[in-house]
């Protein structure tokens, strides 16, 4: 019995990480986080009625409603994903310590990096699944509404005597505001930002003493991170202008320590109908993975000889 | 070779805790050494805050010793693989409330690398062992304290370890539950599993342990075989059944006539309250 | 490990990690901006206008979301005819979402059309101030649209709509140099056509504007011939007429009757077209050779002298000052 048990044991980091992450996913899922999908559905529906009667002309028909569906949906996705990443990550670690379940896990042959990576991936899995579900809802709403708008515009434009080429260009423009690849890219960008936030919260929770502290610091970093690019530009320009002094040093410190969240504002550009090329998406993905890896390794560095 | 490697070897363990930024460190454990051979049941007793839990955590690598070493079957506690052969039940554990009994055991089993058929069989076997088959699909949120303690024990045993460490296994558990846990410890001993437990309930330790250590204020003040420690060397006990009073009188006379021997007391041996309680309950159930 | 040592190592790692990504992110910013994927920063003024909470939301990467809510606010201001609020709200909206065409379009339209005609018709202000308010709102609408074009240089619709604004006869009195505004409109339509996405009517509208610029007749004629050569689909009545007029300007000795019959059809039809053009005087289209063609056609259609079109009064030129006099 004993020999067969120990012989058959499979040990790999991946397997253990997978076990811990699916467990964290189940734990969060059973905290009923998926209920917010109902709220999201409500938001998507509400954004459908956001068609203000302004301006005459076929190109103005439904001009607002498509972008309002997108900006409401992606806004809700941003909100949910960032809050979920931060709060869930900030919650999981202290909860395990408090309930002493951490002892039972670390008393098994589980390396601490596996534990951390597992928890992080569990949260990310949850965020990914939620985003995928929200994305599905958004695309569905957008698809239906886009075809409605295209039909309305076509009817109005033909009545106004638009030539076929004018009709075609109007149609192409409206479809560019419908569901497309760039929009899916934007949802992925939302995910990458959430991944950075989750790993950041993980890092903070390894040395913070309370969930509240982790949450507050994470959100502070999130907001200030949107100014990081300004600090960096100031630092670089001040360097060119030959200025020095304290402000330059402070701006350098801010730009080195804080993550740059302004990059993720490409989401807004996509909502406005700009195309997001795959190469650019890849570069943002690289940034996301770079941060997540660094923060996870830093968390491990602190967590490795932490005492409980 | 394997036989001579002690299951637990703690050498001169010292552990300091920082109390505040500039305060003097608090020494929780001061030069404790423990050696437990495979198959023994070792009980560490001492009042609350005497360093029992700290010693156990250091042995499990949850704490880094300030000085000294801990090893499990010869592997240093700070190494991950030292925990291959150990199961741990912390004091007052709360497991994940959202999991059922089966899910809990499956989770810990998977962490230890078990899978498939093997895992399933092991989980069923453990549920039978701790008597929780009826509650297997109930969420842990609805378990009683004794049930939690038992599922905790099953969790500790999931990878069939050679050493089991139990921190206050019966704290807060009613006598029936306490008894069940004690019986489980007996079963473990029968299987040749080494048990290292700590408790402040002396009676319980007395019942199950071969070896006992007494720790007080971080120091080991007494250690050895239980029978040797508690035997009162200059006294001898005779227990008779259905003895007539005149026989007792005769013995008393005999003792009085022997020089250098005194009769300390005669009377009825008392059962323990715990035994009384359990017997009454059993009769009530019949 | 010593806690201080550990903190030190972590801090150094954090700085090194920051230094390693600094130039990459900076380059990425440039690249995104070049691709139109990076919206300019929100200036302090806009932050103040939308309020602390909303700017926090906007800064959290939800700019377009805040813009949709401001759109509601702008709509309410529009229905309440609070034009100052409309202007300010649209200013903020385009700061938040500078690539959303409909905001530029709507904002310009509210200012140059709705606000302007409000002051023309409904206001209780004294006439002189009303005229000034009317004029300044048309200019605000124009400037707003020009900003929108600067932010979205490849949007054919914004360019075409600015052209439309500049060639609106009701607004001529607002632009002091009408010749310059026709030239600007022609340039807008030309740029719009150059994007390659604009439909045919934009190309023709460019000609209609260019034809009205004094001194650019030769250029306009070239364009008219080009468009005429594109085939029967683009030969609208106005295009045919302008071709006729511009040819008459180039060659004053042209036989206008003959050419009118060639371009505009049988005598009755040609006469009707010429008459219509003659009476469109409000729009300030050139009329070279039109009167001589009308004269010749009236002769051949035997229309009596007293019924001649040339003897009748033309509709008065647009004069908004009429509106301010009462």
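Lettered A, B and C in written order, each chain numbered from 1.
Basically, a residue touches a chain if its C-beta (ideal position, glycine included) is under 8 Å from a C-beta of that chain, and two chains touch if they have at least 3 such contacts.
As the structure is a computational prediction, the values presented were derived from the model and not from experiment.
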> Of the chains shown, whose Cα mean is nearest the mean of all protein Cα atoms?
Replying inline: A
>> Farthest chain from chain C, going by the mean of C-alpha atoms per chain?
In response: B
>> Using Cα averages as centroids, what's the distance between chain A and chain C in whole Å?
In response: 39
> Cα centroid separation between chain B and chain C, in whole Å?
Replying inline: 87
>> On a C-alpha centroid basis, what's the spacing between chain A and chain B, in Å?
In response: 48
> Taking each residue of chain A in turn, which ones touch at least two of the other chains?
Replying inline: 305
>> Can you pull out the residues of chain B that are in contact with at least two other chains?
In response: none
> How about chain A: which of its residues touch chain C in the complex?
Replying inline: 47, 50, 52, 54-55, 59-60, 63-64, 67-68, 70-72, 74-75, 78-79, 82, 162-163, 165-166, 169, 193, 222-223, 226-227, 229-230, 232-233, 236, 255-257, 260-274, 276-277, 280, 283-284, 287, 290, 294, 298, 301-302, 305
>> Residue numbers of chain C touching chain A in their complex, please.
In response: 1, 6, 9-10, 13-15, 17-19, 21-22, 24-26, 28-29, 31-32, 35-39, 41, 56, 59-65, 67-68, 71-72, 75, 78, 97, 99-102, 105-106, 109, 157, 197-201, 233
> Which residues of chain B touch chain A in the complex?
Replying inline: 57, 60-64, 80-81, 83-84, 86-96, 98-99, 107-108, 110-115, 118, 122, 152, 155-156, 159-160, 165
> Which of the residues in chain A end up touching chain B in this complex?
Replying inline: 1-2, 4-6, 8-11, 15-16, 19-20, 23, 26-27, 30-31, 99-101, 103-111, 305, 307-308
